[in-house]
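See the structures that follow.
Both of the next two complexes hold chain A, though its partner changes from chain B to chain C.
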Partner chain A sequence: MKPNRLTLRSLLLPVLLSLVFSNVQAQTAEEKGLAIAKERKARDRGWGDTQADMSMILRTAHGQETERKMRVKSLEVMEDGDKGLTIFDQPRDVKGTAFLNFSHPLEPDDQWMYLPALKRVKRIASRNKSGPFMGSEFAFEDMSSFEVEKYRYRYLRDETLDGQTMFVVEHVPVDKYSGYSKMVAWVDQAHYRPFKIEYYDRKGDLLKVLTMYDYRQYLDKYWRPQRAEMYNEQTGKSTEMITHNMTFRTGLSDSDFDKNSLKRAR
Partner chain B sequence: MQQSWSEHSLRAPWRTIIIWLLIIAGAAAGAQQLYFRGDYKVYFEDDNPQRLAYENMQAQFSKNDTANIIIAPPTDNVFTQRTLTLVHEMTEAAWQTPYSSRVDAITNYQHTYAEEDDLVVEDLVYRPDMLDDDAIREVRRVALSEPSLVNRLVSDEGNVAMIAITVNMPDGENIHKLGAAVNEVSNHVLALSKTFQEKYPDHRFYQTGVVFMNHAFDVEAQGDARTLVPGMFLAIIVILWILLRSILATLATLLVIVTTIASTLGLAGWMGYFMSTATVNVPTLVMTLAVADCVHLIASMLFYMREGNSKQQALSQAIAVNRMPVFITSATTAIGFLTLNFSDVPVLVDLGNLTALGVMIACALSLSLLPAMLRVLPITVRPRQQDANADWTERLGDWVIARHKRILPLSVLVVGVAVWASLQNQVNDIPTDYFDARTAFRQSTDFQSEHLSGMSTMDFALYTGEESGINHPDVLARVEAFGDWLQSQPEVDHVVSITDVFKRLNKNMHGDDPAYYRLPEEQELAAQYLLLYEMSLPYGLDINNQVNLDKSATRVMVTLQNLGSREFTAFEQRALDWVADNAPGLRVTSGSPSVMFAHIGETNMRSMLRGTLLALVLISLLLVVALRSWRLGLISLLPNLLPAALGFGLWALWSGQINMGLSVVLSMSLGIIVDDTVHFLSKYAHAKRDGKDTAQSVHYAFRSVGRALWITTLVLTVGFGVLSLSSFALNSDMGMLTATIMVCALIVDFIFLPTFLLRFDRAEQQKGSLHET
Partner chain C sequence: MKYYVLGLGLLASQAGATMEVTGSAGLEQRYFLQDALYDGQERGQLSMFVAPELYTEFNEGYDSLLFKGYARIDQRDSERSHVDIRELLWLHVGDDWELRTGISKVFWGQTESLHLVDVINQTDAVEAVDLEDKLGQPMVNLSLIRDWGTTSFFVLPYFRERTFAGMDGRLRPALTVDTDNPLYESSDEEKHVDWAVRWQHTLGDWDVGLSYFDGTAREPELVLQDNDGQPVLRPYYGQMQQTGLDVLAVMGSWLLKFEGIHRNTRDGDYMAAVGGFEYTQVGVFDSVYDLGFLMEYQYDERDELAPVPSQNDLMVGTRIAFNDIDGTTVLIGYVQDLDHSDSYTGFVEASSRISDNVKWRLDAWLFSGDTATDPLYGIRRDDFVQLSLEYFF
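Right, the complex of A and B next:
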């Protein structure tokens, strides 16, 4: 199934389908889900690299809050997961700590961390990426790049969310170390941007809901939400992630994402 | 109004019956609104200070109520491939438990170690099928040297392992769902245990933890409802049949009892009450108390019929004679139960209010519905035949009158000893001991205590007051010292402290050099370790249960032996004092379900003493009015108070432990035993008013109410005795002590009160005339 056909679908869906396919029903929910995922990935291809400042506001069920700040550099990697470098600025006692991650769709990520207080780079050998990121409601796996191979898909239905027509697609993680049994994503049919993702825990109960706000388009092509909120349905805690000053194609290369670059990152 | 009711019921019995049945049906329909809560929080007010402290702590960190599965392998060694495989499989499966948020066991313990400059973070047992002897030895070495595991998830000898399933139970506005959630979790864990029991038949499985304590509350309450209520019915039918020797009269009484219970529960439903471990016994109590009203009325009617009166005449006379005493005794009983409103335990307040409601309904029904039914039922009696020899109570009366000079000093001595003994009782609540050895929960907690640890917990939250404050070396040093101090206390089985994580990470970061198994010396280092560690943990095994959102506070979690509330609160105070003395910069709070139970007994006892005092004043005033005599009202204080003194005195010899269920016995029993006094003294005063002397009046009192008194005492004793068969101590102790007090009340009324009257009420002829009954 080719992605471009999906683009047309939203315009000429009934006519095209009846013309092109002799048996419309042959496209299973799984095939359709996969097609949507591929199109989503295809539309975001070629962004190159980005840099952004991020704030995370952590809130308890009772409204107490605390803020974390970091800078994030990302490098697009074709045929593999992306590379990411996170430099922590706040709280003060972790300032300068830098975290490098090479994500891989099916194998454990490669991860290194530079601890300025120890003046050492440590490689983290762990299959886990489902724990809370800096005590927030985000797990590292929620923030790593979207790769088609990470999930098995099932198209569920179309639904209107905030006036936009969305595909509702179920994602089942392939990695057995994922913290989730499944996710359900609402992807808009116009631009294939996720607006809402429900995360279900291992016993199949709704655990968290991620909602994206204020999508902004960069380079006339790439959409990024300026604000995202993860709400934990089971504990009532939430984390708001705010993106400031995102810039694209800043000239980063592989050499900015290696062990040596960690110590330099300030 | 009373009078018109009763008279109307005799003039138009069918109409009375039909109207009542309609009213009752309307009331009873409310029973559909009743729901059941079997959780422990029903014992605590929403604003109970210990409950607030605990819930605040859970909001700051994460909820840490657990359901535990203890696994005992046949070889007394969990470090075998087979048992580790079991623990591994079961831990994986336990993630499916409803409401679960984390599962901890030795197999998924996040083992960290250094490999050159790598920090490896992985499950201690990753692939149990790949374990060879060396690997098992390594697992054993790591597990038995890790402070967070030993004596909690594995015994120090390695012969027992535990899986702790942390659950996120509904609370706040969803608290009414807690009971159902407890059942769901417990049933899931029990089913899981059963599955693994079948797969590993040589292993034994035990379930403990707060969730299972809740479950046990629920099971015991339902068990009480299932066995005690029918048992009570049976006992009452037998007693009534023997005493009244009339099937129809027995049936009429049963109908009054059933309709009383139905309307009480129905009205409870309409008013938004729920059923709980305490209120589940309302039917038994109401039944017991309703029987007494009916017995008095029917016994009088049968008495007058045997005297040769027609049924209608006998019934009218029976109503005339009993209307006031039945009303007064019901009112005093209701007052006694209503003073349970002083209790700090919400479900005991409910128990008091519902029973008081039931008692007043019983009073109304036994003065209207019962006469109406007796009117239409073809009841006949054989003319008097047994009157030839007087009832044993009458002969007892004569014996007491004859020997009162010798009995009085003896009575005073007995009473003195009893009062002294009753003061030897101590308030003490041990929640795990609420359940007797027959219950699965108790067997499990006993097994846990014997092989692993107690089931009691106490959590301490230490607040630094500043963001990232817990990373500070001074704070860490004090937290560590507190942990060490806790660990050295004889009551303590296990301590979870974040400082153990810091020490382990510091070692890992220095190539696993044991010399670095110590706290990091700079705040930045500590903070960065924690950041690194947090990022490498899997879902559910994070440190949010030990560190709060902005890392300004940490929670130290202690497992203790299952102590009594006195030792428990003493330990708590010692720990709080330690922090105040040794870490003055840290604010500390303590909390846990065990802490809540440890405090409630004492708080409740204090409140109930106030309630009892009020009940005593109100009831005595009521008696003064009813007996129309200050003098007799004052005298009545003795027979009203002594039974409780005797009962609690005997209790001191028997057990000496007062749990929160017993703290309400005093005011509750007061309202009931007053009935005996009312009946006895009113007859006594009646005789005196007729010009009889004290001895003659005492004799008259014995003759006219002696039989009714011992019959009602028998019924009450059996009723509360049935309650004492509960395997749930809050109910069984309450039943046993109240039954004891009932018997004591009869002894006091039959022996002490007459001798007292004979000694002190002879000087002058009582002028106060008795209320016309």
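Right, the complex of A and C next:
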């Protein structure tokens, strides 16, 4: 019987392979890029909410550095972009300042800033998404949640980065007010996690490179980098974002992400 | 004040919670650019302030206690040297409601050049010319948070009088404001119980607020009276009913802002409004700077009789955010009276960090008003530059 089975398999295998191969051939680079983005989003569905203590280390080209401390609360929103609340602890003069963001896939995000000294909630014109976040190399739009609809995609190639096989995919922002003409992301084929993203400015020149380190898995499913560094290729400045501790499904709800919650954020 | 703080500490220790001590302290030097109008006024004015803050929470964060004190010592002006409890507040947070009991501060409104709708707290006018510093207001405030907006109810059992610069201070009217002898319309005087309600909601790109206030007006009329042969100005606090509307709309890079009030007083009723826009351009000239342009028009139906400079005025301004590590920002503004070309105000506010704990601030103001009835007339020679250092702990 054995030889027969082998024969069967050896007959079928090339057929199957050719099927798979032709399928890949039929898929355009755009379709494959979109499929990768969808899979990346799908694998990260259902995380619920998170809370984390974060540090941002801002470095100048001359090696001076300063630390920002903040707490970040996030809420997954199905059928729309996620909600985020960031409360600043350091530097001390902005302690208690809180930033509320409702991301949307296609519409501009809704954003508010709470200024504790004045007890005032100020709306932010969110079209200005390309502006720097707290003097860092991260722009406001880099802090927004990843939504499939935000970009047009093109699969470029497979590449090995740090020993892992990656998809290299080009993202072109749909929003014409984005600060970027395109982004190129390296996404690992095993878990669809971004490891490196190149940001190109509106003139098409390389502006920034984001590198993610120390991915950790939560709830046996969701991967989060413990460290991410944004390096500005044009100025030599960089910002390192460090996650000190992160907890999932802490019971946050919509009411923790409204303007009232901003005012009592501490 | 000591007992309040002690009480707060006791409560916190009973709850087994930790107390967070923060705050700031600062040193300010003012330099007036012209010789004084009135005798006894100097050109230099040094001042110090401290604002400690104690905070603790218990009951898994559903309850919290906050104390924020404030004290200023002024080299010249004994009226400017003062102590205040900015906040002494117990906050309880329910599922869809919040209850604030104690002394607190509330801000209402959207515009930048004038705050018409904002009437809960009294202005601590000796602090800064922009009138944005407020005295602590005793209150019970219940907020109901619903899908259709947040409705807040306020009961305000005690009235705080406005502060005014004394005879040795600058930025004052020609005559003494006799803050020791205020006049009230209500026979309950400062114990008149005021109440207010506010609804606010976000509808997509629109933030809308509607408010109603019934009680003692926060801004006094200054009544000329004879005090043993000396003319003085006595503050008169009337009763008022004010309906307010504030709206903000996001239109791309534009923020449109509006505030309007209808106020009913003993002397009749009137309307006032302020509205305009803020347009922000990020990354100007290939830099990381944000450049904002502001324009607001101020209107008061009382026209020439209005005791405020904002009866028919235009504010133009620019806000520059350097987006640097030090958080440097500059705001330059100019307010022109459209009826009287000689009446205008100009200002520059700049600030930046020196370290994680220390910030410098530069404020410069200039005032012009050649007509004796202009509220700016009394301070027309009080143009000044102020440099402050603030330490945060």
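Everything below uses one rule, namely that the second predicted complex is superposed on the first by the 243 of 266 C-alpha atoms of A that agree within 3 Å, B and C clash if a C-alpha of one lies under 4 Å from a C-alpha of the other, contacts with A are read in each partner's own complex, and residues count from 1 in each chain.
As a convention for this text, a residue touches a chain if its C-beta (ideal position, glycine included) is under 8 Å from a C-beta of that chain, and two chains touch if they have at least 3 such contacts.
Quick caveat: nothing in here was measured; it's all calculated off a predicted structure.
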item	value
Room on chain A for both chain B and chain C (clash or fit)	clash
Which of chain B and chain C A:Thr243 touches, first, second, both or neither	neither
Touching partner for A:Asp258 - first (chain B), second (chain C), both, neither	second
Partner chain(s) touched by A:Ser145 [first = chain B, second = chain C, both, neither]	neither
Touch count on chain A, higher of chain B and chain C	B
First, second, both or neither for A:Ala61, with chain B first and chain C second	first
Which superposed partner A:Phe88 touches (first chain B, second chain C, both, neither)	first
Touched partner set for A:Gly131, first chain B, second chain C, both or neither	both
Which of chain B and chain C A:Ser103 touches, first, second, both or neither	neither
Contacts of A:Ser74 with chain B and chain C, given as first, second, both or neither	neither
Touching partner for A:Lys119 - first (chain B), second (chain C), both, neither	second
Offending stretch of chain C which, after superposing on A, collides with chain B (from 38-46, 92-100, 164-172 or 326-334)	326-334
Overlap of chain C and chain B interfaces on chain A (superposed complexes)	58, 60, 64, 66, 91-94, 118, 120, 123, 125-128, 130-132, 134-135, 177, 179
In the complex with chain B, residue positions of chain A that touch it	58-62, 64-66, 88, 91-94, 97, 99, 111, 113, 115-118, 120-128, 130-135, 139-140, 177, 179-180, 201-203, 205, 234-235, 237
Interfacial residue positions of chain B with respect to chain A in the complex	59-60, 62-63, 95-98, 100-101, 110, 115, 117-122, 168, 467-468, 471, 509, 522-529, 531-532, 534-542, 544, 547, 549-551
Residue ranges of chain C touching chain A (in the complex, touch as defined)	22, 24, 55, 57, 64, 91, 93, 95-96, 98, 105-107, 132, 143, 145, 150, 200, 202, 204-205, 207, 248, 250, 252-255, 278, 280-283, 288, 290, 323-327, 353, 356-357, 359, 390, 392-393
Residues of chain A that touch chain C when the two form their complex	58, 60, 64, 66-67, 90-95, 108, 110, 118-120, 123, 125-128, 130-132, 134-135, 177, 179, 255, 258-260, 264, 266
